[in-house]
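Look for chain A in each of the two complexes below; its partner is chain B in the first and chain C in the second.
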Partner chain A sequence: MVLKIFFPTCCNTADSGLLIGRWIPGQDSAVVLAVIHYPFIPGQVKKYLSETQNQSQVDLAVLGSWSLPKDGQEGMDSFLKDLSTIFPNSRWLQLSREIGKRGFACQVVHNRITPPDPAQGGTDKKDQIIFIHYDQRKVMLSQLHPIHEESPGEESSELRAVFHTVAQSGPLFLLDRYDEGPLKLTHWQSEGREASIVVELSKQASVPLCIVLTWLVSLWQSKCFRSYSPGLFFRTSVKMSTCVQTAYRTNHFQTVFSTKKATSHMEFMRKANIFVSFLVDMSLGLLLVSWLYRENHISQLANTLVPVADHVAKELQELLEWLMGAPAGLKMNRALDQVLGRFFLYHIHLWISYIRLMSPFIEMILWYVGLSACLGLTFALSVLSDIVALLTFHIYCFYVYGARLYCLKVYGLSSLWRLFCGKKWNVLRQRVDSCSYDLDQLFIGTLLFTILLFLLPTTALYYLVFTLLRLVVVMFQGVIHLAIDLINSFPLFAMGLRLCRSYRLAEGVKFRVLCEEPGTPLHLMMEINPLKCSSVLQRYRTPTYSCYPRDSWVDLCKKLFMGELIYPWKHKTTKTD
Partner chain B sequence: MGANSGPGASPCASPVGPWRKVLYARQPFPDNHVDRRFLEELRRNIRVRQYRYWAVVRETGLVAQQVSCVAVFITLWSCMDQGRLGPSVLLWAATGCALPGYGLYEMLGGKDRERPRLADLQSAAVFLAFTFGFSPVLKTLTESVSTDTVYAMSAVMLLAHLLSFPYTQPSPPGSLSLNAALFASVCLASRLPGALHTFAMLSWALLVFALWPCLLHRLRERAEWSFPWAAGLVCAGGVGGLGAVWPGGALLLSLALLVLTLACPLLLVCLQRHKDNIHGPWDEAEIREDLSRFLS
Partner chain C sequence: MAEKNEFTDINGKAILLDCQNYSSFCREFTVSSPKVSLCKVIVCTCSVWLFAYAVFFVTENTAVLSSAIIITLVGMMMHIHLVKVEHETLLIIGSLGVQLSTSYASGRESTTFIEMSRIKDIVINEAVYMQSIIYYLCILIKDSGDPNGIASVVPLFQSSKPRLNCLVQVYKSCQAIIAQTR
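Up next, the complex of A and B:
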């Protein structure tokens, strides 16, 4: 039988006394948490243990005795041996160490309270003991991944039990050596508790601040999102990325500023991530604002905006004139060409007049809109995305016209082709059946088929050109959204924790041999394996309304071929739990 | 299963009896055993019909006249293309053919009417309105397509029309054949100079490809004697018309018609004796349902 004893490194040089810890149920191992020094009264020890057990929900027990003989304490050994009768337990550990030697000696005394288990062989065999040294402070603060929410006594593995025990034993570590109490302990905090005034002050101030902010956020939500009736406003607001981003951030504020304290590790990390990313976002936004409003950048932007829009419209006009001629040597049907070309040219003419009308007000609008960048860089980017969408609205309109016309044509052609072959689409059975048509139907169907077939190249070319333009605009907006998404979801706090305090996010442990001599027990040092950076990103990513492509490439090509309108980005709804 | 057969029995008898053609009884014969009744039920050529030469020739007249219809149509188009006939002339001629044709159809029809006269009038109105309305559009359809392509497409479509024509039941015209013919006529008609030309061309296409087979079928049903004369008239018209436009084509057409009408039936009759079809109980079952007992 191999007995594993987890021993904290801070107790390596502690004075002789009692070992306090926990036996891991179901495994042959024990975790030593602290050492209570002589002199002590056993009754007070028991009272203290039961109090601490109530506070921390960890079943503490006296594991055994620890003796590090110093000058003037020779009689300790026998005294400590007799203590096993005062604190009854099925096993009593007697650890001893000599100053100058590296290894410990250990003896296990089995108390014959229960008869020996015949499955284990019965007689007292020589137990093999392994000492595993651990850094108590690091293990206490660390969180083992993947995270399972377990209650004490039901841990799924020995390692988890160890980490859990140490983490939950916070109340045990509150007594340090400056306390005037009957008991003297040695643990990681016994040299004095760490505290800082700033942290304490901010903790005190945060509660009323949170209350105020939560009230403000709920006021904002009730005013903005409920007083407007659903319908047209709702539909347009869902499309505008600014509104989506605002709703998203409001949700975040609700999470961060709520007065409920984070109970689990994941909640705490999420709050911290959101808070830090919000701070970074705001600071970047303020940087942008300071750059924009310095040296008259706003008026420069406004002065270039109108000529750019004009230039785009002129390019479109030239494109249409080229299409109305003989583009790339293709022969178009002249009449249809002229009709479509003139229709789109009229639209562009309307657009140019609209831009010219708005040009005096552009600078003022830009000035006020630029102020919104104070709310964060993501906000500024989403405003930019919306401005781009508004400026290219005519391209969107052209695309919709072209796509609808082409779609109608394709459906008409496919249906009339079936008529040509004497077949029909059976809607009930979802298949193609033969059908005997009337003379009128055949005649008119053939005429229409011929017309649609010969007009197909013209429509297809217009559709192709406008779809390409629309895709360019969509790609540009996609890039902006990608940047917004990155800023929104990157877990800055978790990454910072991983880089600066890597022991807090643990993936596992590794062991290093400290002392291996024949005759003495094996000593291992347990070191924490930090989580890989990619796992950190994956696990602590804030869920966003990320835009990802709705269809695969094959589906997209099929939709384009059939002329269906494509909305390439799908918005995932924000997950709140 | 006991049966008496002594040791001197025929080779296919066994202690358990003669071999039986069943699968559900275990018999001591190998799986591929056959007895002398093997292939007793084989029949040869039970469905071969005896063709008579002149009857076949008579029936071939239908195919020949359809080819000549196509030739007549091409002639008309060619005349309009070369400017020999004006569209108004053709339109009047179309009316002149359509009305007597309809009268003949009604006369031969007798008492059974599948469609009321009003429906016929409605159909005619719809045709005329649509064709007249779409002629300007149809005229400009193939402007950008080269002439060779148009001719090639029309030729392919007319060939498809001839191949897919329902020669056995021509009265409701088959979809593919009619559509192919109309497509070809639209292609050709769009090459003509004016919208009225297109309209005239389409009206004639309707007459020749859609209405004439119905009339011919009615003639065959009611007045059997007139069928060879009608077919012969159409063939003569085809050859003659083509001769006025392209003499070489007329020669080719007449040659083709002769081959089709005289040589092909000969071939059919002569080759019948080489037929060797075998039938037997292994054929796929044909379900012949007599639905007349369900219809009252």
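Up next, the complex of A and C:
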């Protein structure tokens, strides 16, 4: 059988002593966690081990002895062998290394407490040994993906068991060489524990801060949802992306500022991602605010806004006058054309007067609205999206009028066509049945059918033009929403971790054969294989309210053809009424 | 100890198989593909630039020339970083697992490690590719639910595609190690 010993690189030059670690159950492998140096009292070693075992829930044991003979320390070998009687175990490892040589020598002494199993052949076969060197600090901080939330007793994978053991053995690494205790250990932190005052202070300050912020968030939520009357407020708030974005951010704040400490890795990453993306959002928003309020950009924007709205209205008027003439050489029904054209022209006239009325106040409104960008770039973008929606409200109205007319026409035509063919739609059975009509019914039906049919091109043309305009506005809003979604869901903390501390997020491990001398056991170096950037994005993406269109392209085309109104940006919100 | 042997791949190009024996249960096989040929590089570059000159001659726009240069450079860099494989390595460590590593011409290395507990077997499979039958070495991964089933198949040496004689050599060594340490 091949015996695998995971040895930390920090203990390569440690003084002679006892090896502390864990035998991985079910596999022929051992993880060495630390080395206890001479002189020690075996009773104190056992006491320390049981204390640490209670704190860390890892079943630690004395694996064997380690000897790196320095000058004046000969004669240790017999002493080391006698130690195996003090710490009884089924196997006792005797590792030794000579200064100047790179390889280790290992002898395994089997203490058979139970007699050997006759089915296995009885005699001990010569064990083949592999030494796997690992960087203790990196393995302790790393998280293997895919993440399995399993209890340690059920680890079927050897590597997962090794990572889990090292990660859980935090309490063992607290004793460093400056501690005045009876035991002297060597592990990755034994040269001195490092801590930062800033981190400690922020940890102490964060608890009361979190309590205050959680209270503020709950106050804001209760004020928002109780003082305003439901119904109308919610129907408008669902349509306005600013309100949706606010609700989404409030949810986030609840997660981040909760006083419960994150227990699992995914929870911690989620909190960290939300916090970092919120900070970046705020700083980008403040940058935008500082640009807007410098050099009078606000008044420049306000001064260009009214002429732009005027220009758009003028273009629409020209378009309508073109439609009222002979657009693209088509001959329209003169009367209907004039009616529809005058109706829409009057709307535009109302709209222009409304804009002219508002123009002295635009600058002040923009000034106050621009301040809201302090809350974050996503907020500013959603306000922009709402402003665009408000300014193009007349296009939306025209689209709705055109669509309703067209829809009525199409339904009327289809129903009268059935009459023409002698059939009828049976509402009870939801199918088409044959029906015998009276003569006067047929006469009027055919007359209406002819009228509707010959008026169809005019209505269809108006519908087409206004639908195209509406789609242009919807596309522009869609781009803004995509940008908001990107800022909301991008896992900045996880990507930063992957770029700067790539060993924290591990996809697996890599082995490298270290050059050895013949006759010594095999030495391998285990390195952490970091997670691919695309996997990081996929796993740690913050879920957002989806603003992608609900219908597929085919459904959309069908709806457009039938004249049904399309609502492309329906947000996934909770039902409130 | 290391052994170097010359074989051919399924398209007839020469490849090199290097076997390194670290111990009785640890072996490394490296298949090296031939390097980028200078002829091909020169032909590609010349054709792209001649085309760019022809377009420049018609349109009199110097942006075409600079964009052709940039496209050639970027294309070459992407080719050697993402496409051109220099070595493919299989490191088998008895009772620990199998490590597959691909190293590209720009020096980039992509590695995966499969633990022995997940490996059901290493076999040579046949595949029908257009009008010919090719052999490839693959690792069968155990299915966690079904003890006799196979969750997935990981093919080895996909870029170098060695022929059966090379695969048989690798297969025999791998089977010897797996049998010894099972």
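Everything below uses one rule, namely that the second predicted complex is superposed on the first by the 549 of 577 C-alpha atoms of A that agree within 3 Å, B and C clash if a C-alpha of one lies under 4 Å from a C-alpha of the other, contacts with A are read in each partner's own complex, and residues count from 1 in each chain.
In the analysis below, a residue touches a chain if its C-beta (ideal position, glycine included) is under 8 Å from a C-beta of that chain, and two chains touch if they have at least 3 such contacts.
Keep in mind that what you see is a predicted model, and the values were worked out from it rather than measured.
When the shared chain is aligned, chain C comes close enough to touch A:Ser157, but chain B does not.
In the superposition on chain A, A:Leu292 makes contact with neither chain B nor chain C. By the touch criterion defined above, A:Leu63 reaches neither chain B nor chain C. In the superposed pair of complexes, A:Cys106 makes contact with neither chain B nor chain C.
In the superposition on chain A, A:Phe443 makes contact with chain B only, not with chain C. In the superposition on chain A, contact is made by A:Asn333 with chain B only, not with chain C. Contacts of A:Val536 after superposition on the shared chain: neither chain B nor chain C is touched. On chain A, the surface touched by chain B in one complex and the surface touched by chain C in the other have no residue in common.
Residues of chain A that touch chain B in their complex: 331-335, 419-422, 436-437, 439-440, 442-447, 449-451, 454-455.
Looking at the complex, you find that chain B touches chain A at residues 123, 126-127, 130-131, 134, 137-138, 140-145, 172-176, 178-179, 182-183, 186-187, 206, 210. Residues 1-2, 4, 28, 128, 130, 132, 156-159, 508-511, 513, 516, 522, 524, 529 of chain A are the ones that touch chain C when the two sit in their complex. Those residues of chain C whose C-beta lies close enough to touch chain A in the complex are 22-26, 28, 91, 93-96, 99, 101, 111-113, 115, 117-118, 181.
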